[in-house]
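Below you'll find a set of structures to go through.
One chain, subunit A, links the two complexes that follow: it is found with subunit B in the first and with subunit C in the second.
Moving on, here comes the complex of A and B:
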């Protein structure tokens, strides 16, 4: 399972990243609290090239390079196929940052660990980016690439 | 030019406690109203704001409010703020004032002066959830006798069709949305005069193709790749004048579909230069019928003007199977403001008069009557059907369902909602899957409401509503208006 971007309908508005940031780090979807009081960090990048834009987010690969490279077993795949990080075990070696072929995993801004897309698995529903996309350019797909 | 005397039309308010400097307003406004610099300082250029609400709707924290610019002129009943601003604009530009969408002036709306009947005691009302209720409508020539071959008819499961809106005036995604909705709801969408783009050819079974004075994109394939053909003589927003798609909107896709050079003005003449009389119209109708092997009904669309009943009678006698009449509230992608605001007559009067005239002359079964221009909701549909129309065209209502906020600047080609534009980036803003779903929802909602209103009147088929003016009462109308509408006053 992963979030798929359709550049045909992506407006490049960036709402996906805002809602993504507010959905994580304990802000519980509260945009105002996240952006006025906190240090929100979106788990995905909006890429704009010429007249196309799309959301570059985790592919949740089969045989994911980040999981293979993780020294401490912090990066794991759950039974739904979601690649997520157990922050308690992350030591901030950033090996995963280097091996991710899509440049998706980022160092956290405020602690010595990494952050990545977890498809909002804690909230048990459609990921925030997909549900708040104003133009239906993001969707959940079962297609996952094998590395 | 020296200092402009025009002050902004709208004021953009930003609640600083809510603004999170996300920049969505900046990247969504094509008119460049919002600015954000690298220091996080935000400012607005209010004179660019057209009041389309794109920024306010997409603002994730509802930090924005758009209000009328609070600069009042000294009160004057005669010289309104609009009339002063229009003079300032012309004194600066020296040009004809352009505008978009329909006539917004406070002329009397007869829809708002008509009330519907309901059954009480003496005849039962019908619950559409429990009993069958039929909205199926057939448009075309119903006059064939028992021994004659039936004429081609259009079958509608809801008597509401989508008005002609050309690719060029609107984006291809609008046409795709409406075409999908028309197929789903078993009704029709209309290509307008801009030809048929390859990507919407698959919707032939629910497409009405238009032949207008510019003849853009017309070919035998075009005529045959449709359920019906409509000859457009005039349109409610600008009766008597032609069309002008500005060169900026003639993108390569539009150019290919219209069969004209890209980035050149697409000008439709005011009249059809081969139609100077009813006899000429009869020739074109016959030509089109021959070209389509008599398999498709031919419609003729005219604007509602002074002698509309005589004109409609001529059109029916010229062989049209459907007469579409567009009232003075009908909208457009671009029209001179004075034309839009001052020409034509109300559709309610036109339909009532034409229906009566065709009945009096015994030719009503020869053609169906379609009402266009200014249908806002399902009650308007029911009222116009009771005044004599067979079906309605909706244009503005359909676009509003897709996101239009009636800012009336369609003619600029810079539609923030991706509707009245051919710009590739802006067109993306309307995802046809979402557009189709919203248009389908609108028609489904109206279908339920029409059935409820018909059920209340004790009517279970739309055939019994058509021209049934006993179901209407006028309120607040003068006697001559009641006579023209053919309805009695409330209480009588």
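Moving on, here comes the complex of A and C:
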């Protein structure tokens, strides 16, 4: 299961990133709380290149290189196949950043841990980025990278 | 099926996951020579620094082993008897195996120096080492670190955080000689010095006196409360050698991670890995490889035939607020491109149309794609790299990378296993 991004429909508006950030770190989807009072951080980057844009989502790889490489055991896969990070155990060595071929995993703003897509596993329903994309450029698919 | 794993570290955890992907019923037994459970070796410097407690050191919890029905025996393996399919433990107990994995890891090299046996000369390789060093820490006193590799620098950081004066002695002319180029090492060195670490490159210790004074080759003497030896590691091959397995600098395995005995596999720091770029079998003792090798060995022990294509050298480390990531071949030359802005820098070595190596300081975001480009040998012309390095970012990565990524998406799967 992963979020697929279709550059043909992406306007590059960045709403996915706003809702993504608000869906994490305990903001509970509240944009106002997140952006007026907090330091929200989106879990994926929007890439803009040659008039095209897309959200650089996690592929939740089978035999994921980030899990293999994680020094501390913080990166794990849950029963649904979602690759997620236990932030308490992350020391920010960035080994996972170094081995993600898609460049999805990124340092957190404080630079001492990493952030990545967890398909909003702590919330119910489909991921926030998919729900709030105004142009249908993001979809949830069952396909998994067979790395 | 009785699976036995010698060593309870990263490769062992990978092997349990690999075996259980295909065999839910076989018995798994792990021989834990350190008797500390499955912990993450790099975290011991955080334990020493006091920024992580003992509870935070575990790589996989006891619950993980219970869930996977893997029995952990706290004992050291002393002998393997391949014809009998048996293993002897240090308490005399004999363990039967059908399939055996050697994940015996490595040990620090100890140089032959007068005084090296001094009780205040330590290595930082195990949990026990970190505890012993912690007991000798004295605020304001001097710690001398021999070697400026990853372990040496993490030791320096931890002891500095504990309030010690730290002096690093490096035999080579630059710090992190296996990881950095002279140019990037200069940048890293400046950062270390600004943080208050003293670094002496181009020198080595010749003796340690009874009072703990370290004498260097040019005659200088440094009175030290503590000396940390961090000059490299060597695979723990004695069990394999005594069992008659083929060994070189590390245990020799085929592409299925099987040793010269078809019932015995090996993974992690103890083996020689196929270096994708050089084509040679080398000891590549890198944590990111240990889990994958253990996992693939486990799959194969459970009857699969999953190939391990080999690896490239790669390392990510941060110390004192500086993030260094480097991957590729350190010893091959090519066209060198350099970029620097504020505290960030990037150096790339390009041979023909191939990226051989990169070194990124405080520029982590783009390193994942760069590693993939080196590892998968994606062909990219020099002029595209010249364009990229003017402003390195995800969006400015060469078109060939994005084309390759689309191909992965469409056809599913990267070259691995």
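The rule we apply is simple: the second predicted complex is superposed on the first by the 145 of 147 C-alpha atoms of A that agree within 3 Å, B and C clash if a C-alpha of one lies under 4 Å from a C-alpha of the other, contacts with A are read in each partner's own complex, and residues count from 1 in each chain.
Here is the rule we use: contacts are C-beta pairs under 8 Å (C-beta built on N, C-alpha and C of every residue); 3 or more make two chains touch, one makes a residue touch a chain.
None of these values were measured; they are calculated from a predicted model.
Participant: Based on the superposed arrangement around subunit A, label subunit B with subunit C as either clash or fit.
Facilitator: Overlaying the two structures gives subunit B and subunit C room side by side.
Participant: Which chain, subunit B or subunit C, is in touch with more residues of subunit A?
Facilitator: Tallying touched residues of subunit A, the top partner is C.
Participant: So, does A:136 touch the first partner subunit B, the second partner subunit C, both, or neither?
Facilitator: Touch status of A:136: first partner only.
Participant: Of the partners subunit B and subunit C, which touch A:91 in the superposed model: first, second, both, neither?
Facilitator: second
Participant: Quick one: is A:12 in contact with subunit B, with subunit C, with both, or with neither? Answer first, second, both or neither.
Facilitator: A:12 sits against subunit B, while subunit C stays out of touch.
Participant: Contact-wise, after the overlay, does A:125 reach subunit B, subunit C, both or neither (first, second, both, neither)?
Facilitator: neither
Participant: Rounded to a whole Å, what is the shortest Cα gap between subunit B and subunit C in the overlaid structures?
Facilitator: Shortest inter-chain C-alpha distance (subunit B to subunit C): 18 Å.
Participant: Once the two structures are superposed, pull the subunit A residues common to the subunit B and subunit C interfaces.
Facilitator: Comparing the two interfaces on subunit A, one with subunit B and one with subunit C, no residues are shared.
Participant: Can you list the subunit B residues touching subunit A in their complex?
Facilitator: Per the stated touch rule, the residues are 17-18, 20-24, 27-28, 58, 60-61, 424-425, 428-431, 433-434.
Participant: Within their complex, state which residues of subunit A touch subunit C.
Facilitator: Within the complex, subunit A touches subunit C at residues 45, 47-49, 56, 63, 65, 67-73, 88-89, 91-95, 97-107, 111, 143, 145-147.
Participant: What part of subunit A is in contact with subunit B in the complex they form?
Facilitator: 8-15, 18-19, 31-32, 35-36, 51, 132, 134-137
Participant: Please name which positions on subunit C make contact with subunit A in the complex.
Facilitator: Residues 13-14, 40, 42-43, 46, 52, 56, 58-60, 287-288, 291-292, 295, 314, 316-318, 323, 325, 327, 364-369, 371-372, 376, 394-397, 402, 405, 408-409, 412-414, 416-417.
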